[in-house]
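Presented sequentially are two complexes of subunit A, the first with subunit B as partner and the second with subunit C.
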Partner chain A sequence: MKLTLNKFHVQDIQFAEASSFCSGVLYINKAELAEYLMEDTNICSVDFDIARPGESVRIVPIKDVVQPRFKQSGSGQVFPGFVGDVETVGNGETNVLEDCAVATSGKIVAFQEGIIDMSGPGAEFNSFSKMNILVPLIYPVEGLDKHTHEATVRIAGLKTAAYMAKTTLGLEPDEKEVFEHESILEMGQKYPHLPKVVYVDMVQCQGLMHDTYVYGLNVKGILSTMIGPLEVLDGAIISGNCAAPGHKNATIHHENNPIILDLLRRHGKELCFVGVLLSNESAMLKEKKRAAYYTSSLSQLLGVDGVIVSEEGGGNPETDLMFNCRLHENKGIKTVLVTDEYCGRDGASQGLADVTPEADAVVTNGNGNQFVVLPKMERVIGDIETVRIITGGNVDSIGEDGTVSVEIAAIMGSCCEMGYEHMTTRLR
Partner chain B sequence: MKRIVHYLNQFYGQIGGEEFADQEPILREGIVGPGTGLQAVLGEKAEIVATIICGDNYFADHQEDALETILTMTEGLAPDMFIAGPGFNAGRYGLACATICAEVKKRLSIPVLTALYPENPGAEMFCSKIYIVETSISAAGMRQALPVMGTLAEKLLEGGEIGFPEEEGYIAQGFRVNVHTKKNGAERAVDMMIKKLRGEPYVTELPMPVFDRVKPAPAVKDMAHARIALITSGGIVPQGNPDHIPSANAGIYGIYDIENLDRLTSEGFMTVHGGYDPVYATEDPNRVLPLDVCREIERDGGIGELYGRYYSTVGNTTAVSSAKRFAEEIAQDMIRNEVQAAILTSN
Partner chain C sequence: MGHPFRCITNNPMLIDRGFTDLEYYETDVLELFRVVFQKVNCGYRLLTHPLTGSIRPDITPYKTVLMSGTAGTIDMESVTLIGKAIRYAEDLYRLRDIPVYKKWGKAAREDFQLIDLSIIERALEVEEMGK
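Right after this comes the complex of A and B.
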């Protein structure tokens, strides 16, 4: 399998009469895009706003962040099951808008939507602040229940992303990156002496708006399964998760899963990247055990030497993480875990909800309890008042001078447990 | 030049061995014993103006008096900094060094420094409060310890930023802080994977924390006469959230009246928990705090009575230190109110 990412670097987004991509500028026809989104009759009205890197802008509340992609060639279409049909993706060429994102806004769960600051100290905590962001502000029809509201906003975000990237069809990209991935039998013959590594992507599907979709299917309750890494890059995995913003795996994280990307880049050189196993984080103990047992059995069937396991969310998912670690290590498969921690504002508390002695190789992406004071911004996209109730905020979060005091768990993707950002903790 | 007061025990203070361990604190002008090496390291930047010497047993047996005398002596010298030891793995001496440093820091608000072996009880008790340079187990490590102490002392005197333990040589104080890295977390994970597979050394970024284990209390023998309380970490509070309990990492809990209620209504109660879908708890708060069924059991005689108030907080990215404090306070409050057992519900 071979997938080429045609990368177009976006330097600016502007509203215009016609949607197009020209010389690094993405032009968007608001009315046309609005019409496309309002095919969904649950949307009463929609507006758009733009946030650019370095601007004095705060976006809040944000539900999901999506990177615009659209297929230039190959089978299927991006975000299969939502934008595309359920046809297999992950081959041919996919056009990608780099340095660009869609951030869907709107109060849904209210507690679990996050902040992006485009400048100032808050901008240090995620990569999104360095991107040109289109924000669809989606207003649902009156009386829409929260669960349908979530689905409406989720799908609108994906459609917006596809619409944006479609403007690059037929254009010459700024750069291309080619990923190749063989069948398992083939790679076994090709790289007999390289260590075999599988990636266990723990997806959080617990129902009640903690859900992840694969080819449009909510994978809550599935037995652990396998997926090709190139399919993930075409948006086969979608976030429907309303967990804490600092460590939910947003759709952009799935599309750019940094563990998959790094393993693909080192495939055939330092290691042999066998593939991706999806292990569901359920809320129930029995299901957590079943997922970990089943995942470790798959790893054993594949005959791998090592496994990297990433987490989504925190608290009870630490049990899934530790089960996966223990069961793999017990089978002689070397395990590395990727997580974050909540060790209090002073960093002195125990930062995980569950542990196991086998977890001796762990990457942490930061302490979500770190307290930060973010300066007032000239412009807020969304509703600043929600800061008082989101995870990481509290009723006193908005100062009289307009400053916002929160724990970084409130900042979108700050402690991403796929290792998307450049942060860790150190003991002092 | 900055002024330093140095503390030593009877042995390093050149008074004598164990037979002089009852020596009361005495003040010597200038440098004594290891102070010579320390002064050499400090050079022109600071001067050890005086040395306080106290016997190990005297300090252990008369801690309060000894501390008072040593503090008074120190205050009179108006130093810019206080240094004790190194105490290596000497139990009584090490504990004295750390105890005195912590007290000087607290009362005189000047920088303090000592140097101990990490397993010295003084290090274990005080490393989170003061800087303690890590030494070897015995005085054989004096020559290695003094330059590290000198460099850290200079930084503390200048008020400069103190780096991480492995850079500065002090025993970790136990605070995990966020730092930015060159490689992203995924690249670090793959690096670690490759090293682990090759059998090469690697350093985990998160050593597993050690959990406190609480032994459950014995079962209640006579439930029909027991007073039962309700506790929830599911964030059920009276409408309006009167105590402003945050939706995550709550530093507080609330105690609310349910004396005359048969069940919770959505008009009267709400959830402020930020970690779960609030739709169903908003519809019916009894789903998280089961007052309705508890009342039924109470009426049927299954329990003696339900305590008239419930305890509520938010268990969402909440620091264990906060949770532990809530538990201690809530347990005390329940004992005061003759509650025999509690039902804890999460979400």
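Right after this comes the complex of A and C.
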């Protein structure tokens, strides 16, 4: 299987009379995009705003962040099950807008929606501050229930991202990156001496705003399953997640899963990247065990030497993480766990809600309790008052001088549990 | 034969939802966990992880824990899990002089109730899939 990512570097976004991409500038016809989104009759109105790197702009609250992509060729379409039909993706050519993102805003329940600062100390905590961001502000019809409201905003974000990337069809990209991934039998024959590694992607499925979708299917009730890494790069996995903003696996994180990208780039050289296993995170203990037992059985069936396991969310998912760790290790399969922590402002408390002795190789991507004071920004896209109710904030978070005092858990992606950002763990 | 599960909760939104074995406590999440701990030590088994969802126990005022409908021998896995959950919640409660959950207004509290209800409904929905 072969997937080429055609990368177009975005230097600016501007509103214009016609949507197009030219010389690094993405032009968007607001009216046309609004009309497209409002095909969903649950949307009463929609407006758009733009945030650029270096501006004194704060975007809050943010639900999801999506990287614009659109398939130039190959089967299916990005975000299958939502934008695309359910046809399998992960081949052909996909056009990608680099240095660009969609950040959906608008209050759903507010308390798990995050902040992006485009400048200042807050900007150091995520890569989004270096991107040109289009913010759809989506206003639902009156009386819409929260489940439908969440789905409406989620899908609108995906449609917006696809619309933006579609402007690049037929154009010559700035750069290309080609990924190739053989069938399991083929790679076993090609790389008999390389260590076999699988990536276990743990995905949440616990209810309203705690869900993940694969090919449009909610992962609740699924048995652990295998998915091709190239499919993930084509947007097969979508976030409906309401974890803390700091460690939420947003859709952009799935599209750019750094563990998958790293393993693909090393495939056939240092290791043999066998594939990706999806292991869901249910609230029921029986389901947690079933997922870990089945995932470790799949790993054993595949004959792998080691697995990398990433977590989504915090608290109970640490039990899933430790179940997966223990069951794999008991089968003689080495594990590396990737997570983040909540270990108090001084970093001295145990940062995970669950542990197991077999977890002796753990990469942590930051402490969500780390406290920061962010300066007042000249402009806010969204509603600054929501800082008082988002995770990491509280009623006293906004000072009289406009400064914002929060835990970094409030900043989108600050402690990304896939290792997307710069905070990580290194051996001395 | 007793009901297959009992519902230990401090979430008023679960009242009048048809849960036959519902125990409602007007208390905070940490104290609710301590109630659950007592029940575990009486032989009731955890069916859901105490820390359901991804909202920290110092942030959400509400939590529901599903436990076995009948008591048996003490389940050590349940003892371990509720013990870890209590310690985790105690550490988070100590972050501030007044934990965040005490300061929410009515609208936010109703949202937290709805999320907790949705999580429990999902847990039961998945349980039904096995029948």
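We adopt the following convention: the second predicted complex is superposed on the first by the 424 of 428 C-alpha atoms of A that agree within 3 Å, B and C clash if a C-alpha of one lies under 4 Å from a C-alpha of the other, contacts with A are read in each partner's own complex, and residues count from 1 in each chain.
Just so we're on the same page, a residue touches a chain if its C-beta (ideal position, glycine included) is under 8 Å from a C-beta of that chain, and two chains touch if they have at least 3 such contacts.
On a predicted model such as this, the values are computed, not experimentally measured, just so you know.
Overlaying the two complexes on subunit A, which is it for subunit B and subunit C: clash or fit?
With subunit A as the common anchor, subunit B and subunit C collide in the superposed model.
Check the residue A:K146 against both partner chains and state whether it touches subunit B (first), subunit C (second), both, or neither.
Both partners, subunit B and subunit C.
In the superposed model, which partner reaches more residues of subunit A, subunit B or subunit C?
The partner making contact with more of subunit A's residues is B.
For A:K30, select first, second, both or neither according to whether it touches subunit B, subunit C, the two together, or no partner.
neither
Quick check for you: in the superposed arrangement, does A:P195 touch first (subunit B), second (subunit C), both or neither?
In the superposed model, A:P195 contacts subunit B only, not subunit C.
After superposition on the shared chain, which partner residues are touched by A:K334: those of subunit B (first), subunit C (second), both, or neither?
Only subunit B is touched by A:K334; subunit C is not.
Between subunit B (first) and subunit C (second), which does A:G221 come into contact with in this model arrangement: first, second, both, or neither?
It touches subunit C, and subunit B stays clear.
First (subunit B), second (subunit C), both or neither: which does A:K7 touch?
After superposition on chain A, A:K7 lies in contact with neither partner.
Go through the superposed model and pick first if A:T319 touches only subunit B, second if only subunit C, both, or neither.
In the superposition, A:T319 contacts subunit C only.
Which holds for A:K376: it touches subunit B only (first), subunit C only (second), both, or neither?
A:K376 contacts neither subunit B nor subunit C.
Considering only the touch criterion stated at the top, classify A:V395 as touching first (subunit B), second (subunit C), both, or neither.
A:V395 contacts both subunit B and subunit C.
Just one of 6-14, 96-104, 312-320 or 330-338 in subunit B runs into subunit C once the structures are overlaid; which is it?
Superposition on chain A puts subunit C right on top of 312-320.
Hey, what residues of subunit A end up touching subunit B and subunit C alike?
109-112, 146-147, 208-210, 242-244, 314-315, 342, 344-345, 349-350, 369, 389, 391, 394-395
Please output the residues of subunit B touching subunit A within their complex, sorted ascending.
Going through subunit B, the ones touching subunit A are 128, 164-165, 172-190, 192-194, 196-198, 202, 204-206, 208-211, 241, 244, 246-249, 272-280, 315-322.
Using the touch definition from the top, list the residues of subunit A that touch subunit C in their complex.
Subunit A reaches subunit C through residues 109-112, 146-147, 204-210, 220-221, 241-244, 282-288, 313-317, 319, 342, 344-345, 349-350, 353-354, 369, 389, 391, 394-395.
In their shared complex, at which residues does subunit A touch subunit B?
Touching subunit B from subunit A are residues 109-112, 124, 145-147, 195, 197, 208-210, 242-244, 257-259, 261-263, 266, 270-271, 305-306, 308, 310, 314-315, 334, 336, 338-339, 341-352, 355-357, 359-370, 389-396, 407-409, 416-428.
Residue numbers of subunit C touching subunit A in their complex, please.
Those residues of subunit C that touch subunit A are 46-57, 59, 66, 77, 81, 84-85, 87-88, 91-92, 94-96, 100, 103-104, 108, 111-112, 114-115, 118-123, 125-127, 129.
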